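Which chain is which? They are A, B, C and D, in the order written, and residues in each are numbered from 1.
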Amino acid sequence: MDVTIPILILAIPLTMFLLLGIAGCKMSHRTAGILGCLGMGTVLVLAYYTAAQYFFSGNELFGADGVRLQHIVFNQTWLEFTPTMAIKLGFLLDPISAMMLVVITTISFMVHLYSMGYMRDHHGVYEHGFQRFYAFLSLFSFSMLGLVVATNIFQMYIFWELVGASSYLLIGFYYVKPSAVSASKKAFIVTRFADLGFLIGILILSYYVGNFDFMNLTSSPVASLAETFSVDIAAPQHIAQIFADNAAPVFMGGSVLTWALVLIFMGGMGKSAMMPLHIWLPDAMEGPTPVSALIHAATMVVAGVYLVARLFPLYLMEDTALVIITVVGAITALYAAMVACTQLDIKRVLAFSTISQIAFMMVSLGVARPEHHEALGYMASMFHLFTHAMFKALLFLCAGAIIHAIGSNDYTDMHGLRKYMPITHWTFLIGCLAIAGIIPFSGFFSKDEILSACLGYDWVAYVWMSLVAGLTAFYMFRLYFLIFWWKEHKIHEGHHAPHDQAWTMSLPLIILAAISCVAGFIPFGELVSWNGHPYDFMAHFDWSVAGISLAIAVAGIALAWVMYRRENALPEKFRNAVPALWTWCYHRFYWDELYMFITHKIIFGGICRPLAWFDRNIIDGTMDSFAAVTNKASEAIRPLQSGQIQMYVWYYLIGVLALAGICAACIL
Amino acid sequence: MEIVNMDYTQFLAMKQEIGLLIVFIVVFLYDTFLPAKSQKALPGLTAVLMLILTVCGIVFEAVAPETLSKTAFAGMYVSTPVIAALKTILNVGVVIVLIQSVNWANSSFMAMRRGEFYELLLVTLFGMYLMVSARHFLLFVIGLESASLPLAAMVALDKNRYESHEAAVKYILTAVFSSAIFMLGLSFVYGLTGSLYFNDIYAALTGAGVNMMLIVALAAVVSGVGFKLSLVPFHLWTADVYQGAPTSVTSYLSVISKGAAAFAFLVILVQAFGMLYAQLWEWMLYALIILTITVGNLFAIRQKNMKRFLAFSSVSQAGYIMLGVISDGAPVATAAMMFYILVYIFSNLAAFGVIGAIERASGKLSMDDYRGLYRTNPRLSVAMMLAMFSLAGIPPFAGFFSKFFIFTGALSAPGVGTAMYVLVLIALINTIVSLYYYLLVVKAMFIADDQCVIEPFRSSASERLGLWITVAGIIGLGIASWFFSELNVLTATYPLI
Amino acid sequence: MFACGVYGFITRKNMIAMLVSLELMLNAVDINFVVFNRYLFPGAFEGMFFTLFAIAIAAAETALAIAIIINIFRAEKNIDVRNLDKMKF
Amino acid sequence: MLTNPLIYFVVIPLLMLAGIGLCNNRNVGAIRAVAVIGSLALLTLSTFLLVDFLGQRAAGADAAMLFVNDTVVWFAPLNIHLAIGVDGISVAMLMLSSIILFTGTFASWKIDQPKEFFLWLILLSTGVFGFFISIDLFTMFMFYEVALIPMYLLIGVWGSGRKNYSAMKLTLMLMGGSAFLMLGLIGIYYHSAADGNLTWNILTIAANDAIPHGWQNFLFPMTFVGFGVLGAMFPFHTWSPDGHASAPTAVSMLHAGVLMKLGGYGCFRVAIYLMPYAAAELSYIFLILTGISVVYGAFCACVKTDLKYINAYSSVSHCGLVLFAILMLNTTAMTGAIMQMLSHGLMTALFFALIGMIYGRTHTREITKMGGLMKIMPFLGVCYVIAGMASLGLPGLSGFVSEMTIFVGSFMHADMFHRVFTIVACCSIVITAVYILRVVGKLLFGPVYDEHHLSLTDAEWWERLSTVTLIIAVAAIGCFPNFFVDLINKTFTPEIFSVLGMTSTAL
């Protein structure tokens, strides 16, 4: 395969970043925006081309006999640790990376386009730092693309860090706002903490395995083709054998391989905002809304899922790790859904909804086993990743349009907007239907598959996740009704009425809504499966599961209809019925407060400050005390020099005798 | 013992002594017989004559070292190129002292005493020559006394200052006391061995056991020489005398007599008591070195008077010099010690040169008066700083090299044990303390931003010449490896044993 | 005799008396030398010679010391050794 | 000797000293000109050396050191030679030093009393350059001390805050370290050869491998601690916060950027290179100490409010990592250590330059008294963020590659204890993020804290030149690490492998 296009896919965003970052302040806002969009547009085309090539060209490098293979387009050594161990920068094409290329470029392009309208006020004046915004967007796109095409775990880690940094920069885009600054800081530090686990996991893995390549960890080379590999259970089995041979059988209650995998998953937990490392994501909504759509809904936050999917064959070796993933995902899903029911800020509702949906994907991966429906969960997870990216980006962009029109995040300021903003209204509704899982919108298909996978694994998981699915439908429609229905507000007096936005903002909405409508019909199983073999979804389709999930979704919507269709006392009653639950949910179960306590009271107050005190007073005090002791000694021997001749002579005599005496005592 | 007929040609063996005697006679005659108005030239004349003597010494050393190897008076007097080199080193110091003292000697106060100063100085130098060349304790005692008694008179020269008298009394009384103890020790040695020749003592001690009397005798001998070197606890006179004496005398006292005594000490210990090395005097010195360096440093920390400060600094420096003695005459160590003395002469004299110039111009002697000196007298401050750095052993100044070599020398004996490493470590840690107080001076001059009480002034030509010479020495002696290497060639060719 | 001298040197307050004590010490040394020479090593005269020189040196010392003490007396009007502590510490 | 390019690393600073010495006190332009021309010449020279060195390596020169010249005898009696030579590590360090000297010159463009300042600064760099080209222990030590002492006056005269105290403390502690070091070096000399041909030449000593094991166990701590003090090893690091806080900008840059590297380099070149047995034997003691430095420095930095203190503690942490890595005794970790030296040198110099520039404008270094500076001085703000990102290990900048190399290398150690400690050290990446972001957040972002700051101006051209040069260097290492790895790695030639008893992989 020609390397030019893959290189361009990575190089164009990077160039854009450097160009806009360094020379951005010299060019006009408009030029910068157009340049950014053009760049991203080109990448979009190239990525679609590449994905099409991969899936449909029939090139034997990409697949033979219907089996999809992994192909390394290029792999350049970047940093060599030892002759066998090196960080390489490469480009891996396989089903999930090709799919991710499509997702990332699509959303990214939409966001680029959308931001042209969003990042200016009602008079068309561009915001301060517009060029910087596009530069950071390009940086993010570059990093995210680099992440998904990683050929080895360390390349993934590199871009993992880079997306973290660009997320930091974008969340803190409004750097004058203290809340944005602290949110960005929080996001970075929490994910950094998770990355520490990731890094240690990598270290453990590489210590025993000896290199970082995915090709070595999860797949075996295809003999006849250069740089082409097939996912194969033999490779992880070999790895597991190495661990069994060399590592301690049990380390602090788990096998070493489990530890490594769980630590790697910890990295994923951080990025994908799984409990208890989820706290950064709701705060990250301080960033501009397009950023939330791109990074904190569609792409970066699913990196954790992607990571687990990428190492999925290895995870299969350790059931414990997968169970942990399932449990963490399930708890997170329910937690986030409950919290989402009570929030007032539309972006926060969407954020918790994102957490919940990503947890769905995690659970789906956690329950996937080759022996249950040939790992349906894996495919379902990826499918949900895809559809979720589309409809969640759509929802966020709609929210952005509303916020842009109203100038507030709080939906108590909104209500009854459906007359003023018809396009936004309809697209938002499509998004809600999709996420609620109403046939034929895309969310239905992917969510249904996830539930099937859960059922195939364990009925508890199925019930639990179905409940969450119902909650999802409920809170999304609560949001929908509260924004677009309910009573109309009087705040619009004096202002011109809110209205739909310019085409740059509306067009992406329409496109994404269209995708959300039809994406469910993509034969995803044909394209993506854990081992590359085409997956006949219909063979595993279970009508009863589909029916039940549809019914649950409808029930959720109906409940929302009853409670929030128009202003009434029901929500108030409900709140009063379970005040404790409501308060806990409203305060997000006090996770933030807990973290505040740990960081400020325990880490800062209990470790840092005492250590700093210790350093200044004990360690430094010791060093200073050397000087003090010397001075004291100097003071103490002052009387020796009394100025009296006879004392001098006396000491002299004592000196002679002592000299003689000591020698005599030693020798005689 | 064989009776040797006195042969007066033996005097010719004492080339340097004869040269010095000639200088002395010329100075004496000039002082006595020439009219008062031409007396102003006396300091210059003395300096030039000493310079000639020095140059002659260096030339001899370079051209025909073997001719310097002489013995006279049945072995009482010995001269080797090493000893001659040491004398030349002393001469260099004397020349610098003489140059620096020109101004002082020509002050109106000194008009009547000018000659006395130079004559006494030359006599003490003669005594030191005898000390280092003596191989018999009688000659040594004569040298020692003629090196110390006139010094008392020199200390007392400044008749108008009370401190000068007090210093002189302290010096003379303690000096006589110490020489009494020293001679008592000698009498015991004589009683035990029957001879006062170094060689005979060495031979007599070979195979003989150690008894209490010998220990006491050795302790007494060590204390006698230690007094000259101002080793702790025999150092107590040092600070008072340094402070009280006129600055020129102090500088002479601090470097020249110390250098001579150190070398003589080495000769005595190695040649007469070499047999007792491992049993006795290594450990005596061990204790003395630690005490000297530490106590000297501790006292120096608190001193505010510059002369007193340098007095204690010189006490601790004496401890470092002793590191060259403790390795029992190993050639490298001996060379290192001589080099150390040479460098010490230059560094200390640079410091005293600055102090003397400032004292002459402003009468200020306190370290607090030096605050902000760099603003008013930058050149003097730089010279002082170099002196301090060199004394503290900071590269690339000569002091660094001399210190490094003396430490290396102290460990040069084959199979040297951990004890010696510990000693060197203690000495090294003490260098940090000493660095602290040397830096205090630098800090006062460069960093303190007070208004300096010392007005800008122009130092006299002779002071400047002296400072230029010493500064050149501080910078050049170490980097130009010639000096140390040549000294080492000498000590390796003509070992003490 | 030497010990007497030392004792005297350390306890006397008058500098002349201290000087006398010093003489005692030196004479003790001289006698020591003479006695050792006479009884232990009668063959040679080293000890005797040493004594002679020592006596000469002692004389010189005394002369010098007295001169300096006279100077002190002029300045201080007394010769108490305890007054000589202007320089210390 | 004079045909050897290395010698000019000492000759050029000496010429600069002479040149500045001849300048008139008030002729600031001439003094600056000499300083700039000289440092540019050094930069050119080190670039030339780098190219030549790589050329020779490419042509197959596989000796441990190139450009070796040890024929000039200095002190014959003690076998002291003026021996010079470089390997990849020294070349990298020379490059680093000349970059930082160059940028430091610009960072101190407006200093008071420029003549004296530059005299001392260049004397300091003479010591630094001399140290890196020496392969004779004596000259190495001499240059080491030459580099230390100007710090006293540079901080004392041009510093701020408790400058007297800090300067004295710094000097005495570092000299205290060098006291141990001197004893160690003399000890090495006396055991340098079994056959009595004692030598100070590092290569010969390493080849002889004659130091008895018992002596190694005594001398290794001496030298390691001696250099470790300068490398800010716990608990001997306390000079660093005070010293850096009081030092003027360029001095902090050179000191943290280059001088602290003398410590790491010395530990490697002397302690470990010559006494590998003791290094392996005693590594766990020092691992604990350096491991503590890494985490402890980072924790302390979290609560400090003075920018320089924060950065000084961060240096303790980062330099601790250097010593930590070289104790692992394997190629990868050591390579990482060297890269960390380069990386830390550059980014900490960048930090100190920026802090100096900010301080020069706001006259405070308390982060609680500043805020929102990004809006007022965007250039400096952006540079500060980049420096911060480098420090917390963002890929693409130098911190990441060096830390990762260290972690991966350290984790290869076959001993469980070492691996566990590596994990402890890894934790520093999180703590680093905490304090860096805390500073960036308080200092640059948020609303403007002090109205008076609104009138401040952004960077001048000389400041821009200085920072941009450093950023380019930081990014160059971060983007093309393998170039540096190749440069450094060739040092670990098979002979040295055998001396060190190092293994390249764990399994």
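As a working rule, a residue touches a chain if its C-beta (ideal position, glycine included) is under 8 Å from a C-beta of that chain, and two chains touch if they have at least 3 such contacts.
A quick note: this is a predicted structure, and the numbers were derived from the prediction, not measured.
Asker: Out of B-C and A-C, which chain pair has the most contact pairs?
Answerer: B-C
Asker: Using mean CA coordinates as chain centres, what's the chain C-chain D distance in Å?
Answerer: Computed from C-alpha means, the inter-chain centre distance equals 64 Å.
Asker: Taking the mean of the C-alpha atoms as each chain's centre, how many Å separate chain B from chain C?
Answerer: The answer is 25 Å.
Asker: Using mean CA coordinates as chain centres, what's the gap between chain A and chain C in Å?
Answerer: 96
Asker: What whole-Å value do you get for the distance between chain A and chain D if each is reduced to the mean of its CA atoms?
Answerer: 37
Asker: For chain D, what residues touch not just one other chain but two or more?
Answerer: In chain D, 172 touch at least two other chains.
Asker: Among all residues of chain C, which ones touch two or more of the remaining chains?
Answerer: Correct list: 9, 81, 84, 86-89.
Asker: Counting only residues that touch at least two other chains, what does the list for chain B look like?
Answerer: Within chain B, residues 169-170, 173, 177, 181, 239-240, 302, 436 contact more than one other chain.
Asker: Which chains touch which?
Answerer: Every pair of chains in contact is listed here: A-B, A-C, A-D, B-C, B-D.
Asker: Under the stated contact criterion, what part of chain C meets chain B in this complex?
Answerer: Residues 2, 5, 9, 15, 18-19, 22, 25-26, 28-29, 32-33, 36-37, 40-41, 43-44, 46-47, 49-50, 53-54, 57, 60-61, 64-65, 67-69, 71-72, 75-76, 81, 84, 86-89.
Asker: Per the contact definition, I'd like the list of chain B residues that touch chain D in the complex.
Answerer: Listed in rising order, the residues of chain B that touch chain D are 332, 335, 389, 394-396, 400, 404-405, 407-408, 411-412, 416, 418, 421, 424-425, 428-429, 431-432, 435-436, 439, 442-443, 446-447, 481, 484-485, 488-489, 492.
Asker: Using the touch rule from the top, collect the residues of chain D that touch chain B in their complex.
Answerer: Residues 74-78, 80, 138, 141-143, 145-146, 149, 152-153, 156-157, 163-164, 167-168, 171-172, 175-176, 179-180, 182-183, 186-187, 189-190, 218 of chain D touch chain B in their complex.
Asker: Taking the touch rule as given, give the residues of chain B at its contact with chain C in the complex, in rising order.
Answerer: Interface residues on chain B, with respect to chain C: 1, 137-138, 141-142, 145, 149, 152-153, 156, 159, 162-163, 165-170, 172-173, 176-177, 179-181, 183-184, 186-188, 190-191, 194-196, 239-240, 243-244, 302, 308.
Asker: Which of the residues in chain B end up touching chain A in this complex?
Answerer: Chain B residues touching chain A: 169-170, 173-174, 177-178, 181, 210-212, 215-216, 218-220, 222-223, 227, 232-234, 236-237, 239-240, 279-280, 283-284, 287-288, 295, 298-299, 301-302, 433, 436.
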